[in-house]
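Each of the two complexes below includes chain A, the first together with chain B, the second together with chain C.
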Partner chain A sequence: MSTFIQISFSGLATGAIFALAAVGFALLWQTAGAINFAHGEFIALPAVIMLILGEMQPTLGLPDWVPVVGGTAIGGPLPEMGIIVAFVLTIPLAVLVLGWLFKVSLVDRLLTPGGDDIPLVIASLGLALMIREYLRVEFGAAPKQFESVFGNDRWRPGGIPVSADDVGVLVVCVLVILALQLFLRRTSTGRQMEAAAQSPTTARVLGIPVGRMVLYTFAINAVLVTVAALLVAPTTHARWDAGISLSLVAFTAAIIGGFNQVRGALIGGFLVGLLQNWSGYYLSSAYREAIPLLLMILVILWRPQGLFGIAEERRI
Partner chain B sequence: MTKRPCWSKLAVVLVAGALVVSACGGDDGDDDEASGGGGGDDTTAECPDGDSVLMAMPYEANQPAGENWRLGIEMAVSEINEAGGILGCEIELDAQDTQTDPDVSRQVVADQVEDDPFVFLGTVLSSNTIVNMVEAQRAEIPMFVGAEAPAITDRDENGDNDFIYRASFGVDTASDKFVSYIADQGVESIDVIYKNDEFGAGGRDAYVAAFDEAGIDVGLDIQVQPDQTDQSAEVTQLAGGDGDAIFVFMTEIETAAFLDEYQSQGLDKPLYGGDVLSAASTIALVQPGAADGTTTHAGLNASAPVFAEWKEAYAEFHPDADPPDHNSIKGYTIVHVVKETVEQIGEFDNSKFSDTLHCATLTVDDEPGLLLDVSYDGNGDIDRESYIVSVVNGVGEIVETVPPLDNLDERGC
Partner chain C sequence: MSATTSTGERLAHRRDAVAEIDRGSLSWPLAAAAVAAVATVVLLPVGRSEFAGIMWLWAAALVAVLGLNLLLPVESWNGIVVKWASLAGCVAFLAVFPVGRTNSTLVDLGLFVVFAIVCVGLNLTHGFAGKISLAQGAFLGIGAYVSVLLDTGREVAVAGFEGTLPDLPFLLAIAVAGLTCMVLSVLIGFPALRVQGPWLAFVTLAFNLLVYLVLNNEVGLTGGSRGLRTLRVDLVVFGVDLFETRNYYYFCLVFLLAATALVWWIVRSPWGRAFKALRDNPGRAASLGVDVRTYTLLAFSIGAGLAGVAGALYARLIEYIDPRGFYIGQSFDFFLATVVGGLGTMVGPFIGVSFITVLTDRLRFTGDYYRVWFGLFVVFMMLAAPRGVAGSFNQLRSWLRARREAAR
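The block that comes next holds the complex of A and B.
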């Protein structure tokens, strides 16, 4: 039993990251009707940026002879910024580039109301390729270590090994998703965003600035991918091709749970994490990716809206 | 009516033909002059491509192994060219990215064959090499590879390939050298975890056979998938295994994920593995302390004292690169293997190249760039000194030097 709990806990921690990624997928689909196949690369990119910023040693622009203050020669380079500071600095960058720029340069141009969404799908595949190659050329092919912000502590409650990283990842993911749900349900802006997602036309009639609400969604997605990057990079490492598998797994999770429901994508993420670990332990790791994909096919066949999604009708 | 020859036109054709012949002959003469008399001379020879020799380098630019291989080769080529090239011929390197895709790599090699390079330097990954080596074999061009899968030099599996050479030990050679060390540590049973691809599965097969031969029982036999970074289920399985030790055969990403999870679950069985397990490139990826205590057989390890001077030169040549690993040394030394072989032959001749290098021993005394004396058997596999490396406080330390097998007579010679 303890083994089952151990495997399940670890699967939940991994699944929590999948859930964060899947929720971003679902959010963009709900509000903008956009499917972004560069979603995994949107997670890989901030991880590399955080690593670079974290290793930077800023200076205050003062000459070297400025006296030492608190043990630091403030005239020279200051200590490395560290990942947490880098994370905080990366968020506005991500909102600007992965949120606003992505929306205005690709989504707004390719996704017209009532139009075909295939051009955006293809463009996002191209964008994914471009980000991957950019990372490889600029930052090299070698993966880089990304230390966990939760440290390396380990405990054995009841004989079950638990790491600080697993606990930290799980707790942060749950808190972020709860905060997101509260924001969407309990704030005026959140409800306007949901209204804009459900029926843009009605929302406009009611005076809701739909365009701005959609922009907020892209910004929230940018924050989510940056959080996901912070949490997943200690496991995947900061590397140019980390986004490939993340995209696939987030997409799978969103389809299984329900593309049109944040709650569905959330549960889909946890489910995929659990299924991967259970099949890896009880069957063989050869099946760890196949089983969630099999479930995805079954869901598409028998419940296309996803396990927790809502069936939508479209008049053609 | 008879047709009369037009003598003036015929004369023009003859004169033009004579000019063409003299022009070609003139080139030959120039080459001869430049090369100081052609083949057989100690310092110069007729260069295959004007005043240079083309070497094709198909490599995996998007993989750390491929990048380090390239950096090592570029350093060697630069040094050799600065010193006057090979027999007076400057090395011209044609580097092409295979994108780590076997089909693309085969196409890349096929395209490079069109330019008639003297040798191929690459590829590094077994899954690519196994596919693209056929093109070099067909063109009868020697190919030096960093790949380690046993099938690459197995004449039963490679179509009796006379043109394939390794830059490092094949897994079957490494397992011969390493398993006796593991047995000497008192290991009677061992659990195995490996990456499910050409490299990992080939390594797993070679080591399992060697364990069997050495009387070490193999218990759990677990695979992980390429790029699998969550290995909690697999490590949990290993925690329940009965083996005295665990044997790990994966590439850097999977090995690092394994070591982090192994540390996270607090397991403490001895870990043995292929050279990646204790490589600097792996240690750089894991959480602090996660690689400590791992022990590997390393064909080439940058921490060996014999490479100390070379490491300094490497850092000077590539100031922005990560520290060199075994793939950097492989790439560097292999260019010197080509140089030494050509200099022994005295000319650039593909057929003589294969005859000369098979069953030959090249020494550092003759060619310092080899860094270590090296022998090639009848299949293109190498034999040389190697190391048992253990990680202590995040640094690979050599705990034992393993002498060469010195059994060329049993290996096709």
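The block that comes next holds the complex of A and C.
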């Protein structure tokens, strides 16, 4: 029993990260109709950026005669920025590049209303290849250690081993998702975003700036992928090819749960995390990724709106 | 338009509309041609190796042929002569490639031919029948493993089954590999082809990963991540020693020509017309009595079967296979190659495949930006010339023709 709880708990923690990734993916799909095959790379890239920023030693560029305070020469290099500072710096960068630039340069040009969505699929596959290979060339093929912000402590409450990282990840994910839900449900901007997602035409008639609402979605997605990067990198390490499997997990979670609902993607994420851990332990560790994939295929074939999604009528 | 409008006004209106379309679409074909030219010159790293040089020459020759076809109207005798002459020229090019090359270059050329078979098949599935598939890498792998397991009399132990596999002749093993892929593709295609576009992409992607997991984990059958040695010294077909790499290249080339002829024939036959009707307007095709499911299933399974045959050829070419060669990334490569070359054109796959063959592992160097450029190129191509290199030339040609007719 305690093994089961332990496995389920770490599955929930992994699932929470998957949920973050899946919610971002589902938001873009729902609001902008954009299917982003580079979603995993959007998580792998900030992880690497944070690692590089975190190891930087900024200097203030002050001359040598500035006095020494508290044993540190103010003019000399400051201590390493650390992951938290790097994370804070990466967020605006991600919003700018993975949010705004991605929307303006690719999505807006490739998605025509009522048009085919395959061109964007192809372009995002190209983008994914580009990011992946750039990371490999610039950053090296070897995976880099990425320290967890929650430290490496392990506790045993009631005899069940729990790692600080899992607890931290779960808490942060739940907070982020709660904040997102509150924003979407309770604020005026959030309600407008929902309206723009559900029926752009009606929203426009009602005077909602649909374009700006879609842009907000991209910004939110950029924040979500950066948070996911911070949380997932300690387990996957900062790897150039981490993106492929992260993309797959995000698709799987979003599709299983139902992509037209943030709630669906959320549950999908947790479900994939739990299924992977359970099947990895009780069935076969070699096939831990297989069960969610099989479930995804079944869902697409028999319940394409997802287990928790709402069926949409087909419009011609 | 109201009923009171005179015929003359209506015609004038229509002429204006056509002119509008022409003006609007002018920038695209030009941009496309520019992109094609730039791609050929920049993307293939000439001088990196003997093989890269040959690939550059090959892609440049194809683009030149496309350009030549632009100048001559297809219907004229000159056009027809040029068309057949360029076809003969391309075949001659492929036949002369291997003369006086080193063994390593010959293997790379063989890879080019094998990958071309996959892309020709994918072009039928996606380019003509409009069904996206991100599982060609998996079919390549299934074909490779099936053929290798069946023609060497291997001892295997998998899932409670232990025994010796048969020792089939090579040609039969290739056929079985192709058929296995066709059967499997029908099994997954029968339910999966109900879903469209991105959904089908996700299903095929998941299938590819599942195949990869099986190849990686059923160690008793596939050797797991250590892979299988596929080297066979006694590979003789019809008295030809295929252990000799040059002979093997020509052997693969025969399959490529046969595959191309098959797809060409299918596209020109009533089948092919049904495919095109399906791709362009599935609802209308169905209402006209085209059996949607059977036809798409056929296109899907022929694409998979060709990938399987290619896999069987691939295994004996590189002498060693492991699951990583059949991961999702390989499927992405095939897919992007077909798109870049031009979906739904006969020439397209042959242009696209020269890009991805250069970026296979054998020619991959650390610190090489080539794949980054390729990714960037795909993105730009979707923005500027979504029909790919050959498709853009077709677009340009129909624009020129429309202009010639307007001038007459």
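Basically, the second predicted complex is superposed on the first by the 316 of 316 C-alpha atoms of A that agree within 3 Å, B and C clash if a C-alpha of one lies under 4 Å from a C-alpha of the other, contacts with A are read in each partner's own complex, and residues count from 1 in each chain.
Criterion: a residue touches a chain if its C-beta (ideal position, glycine included) is under 8 Å from a C-beta of that chain, and two chains touch if they have at least 3 such contacts.
As the structure is a prediction and not an experimental result, all values here were calculated from the model.
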Give one word, clash or fit, describing how chain B and chain C relate on chain A after superposing.
clash
Of the two partner chains, chain B (first) and chain C (second), which one does A:Leu127 touch, if any: first, second, both, or neither?
second
So, A:Thr236: does it touch chain B (first), chain C (second), both, or neither?
first
So in the superposed three-chain picture, is A:Thr3 touching just chain B, just chain C, both, or none of them (first/second/both/neither)?
first
Partner chain(s) touched by A:Gln198 [first = chain B, second = chain C, both, neither]
neither
According to the stated criteria, A:Leu248 is in contact with first (chain B), second (chain C), both, or neither; which is it?
second
After superposition on the shared chain, which partner residues are touched by A:Ala286: those of chain B (first), chain C (second), both, or neither?
both
Regarding the shared-chain residue A:Ser148, is it in contact with chain B (first), chain C (second), both, or neither?
first
Stretches 60-68, 96-104, 150-158 or 240-248 of chain C: which one clashes with chain B?
96-104
Contacts of chain A common to chain B and chain C in the A-superposed view 136, 141, 244, 284, 286, 289
Given the complex, residues on chain C that touch chain A span 132, 191-192, 194-195, 197-199, 201-203, 205-207, 209-210, 213, 216-217, 283, 328-329, 332, 335-336, 339, 366-369, 371-372, 374-379, 381-383, 386
Sort out for me which residues of chain A touch chain B in the complex.
3, 6-7, 10-11, 14, 136, 140-145, 147-148, 152, 154, 156, 161, 163, 165-166, 234-237, 239-241, 244-245, 276-278, 280-281, 284-286, 288-289
Which residues of chain A touch chain C in their complex?
35, 106, 109-110, 116-123, 125-134, 136-137, 141, 244, 248, 251-252, 255, 284, 286-287, 289-290, 293-294, 296-297, 300-301, 304, 316
Interface residues, chain B side, partner chain A - complex
61-64, 66-67, 196, 222-225, 227-234, 236-237, 240, 252-253, 256-257, 260, 263-266, 281, 284-289, 322
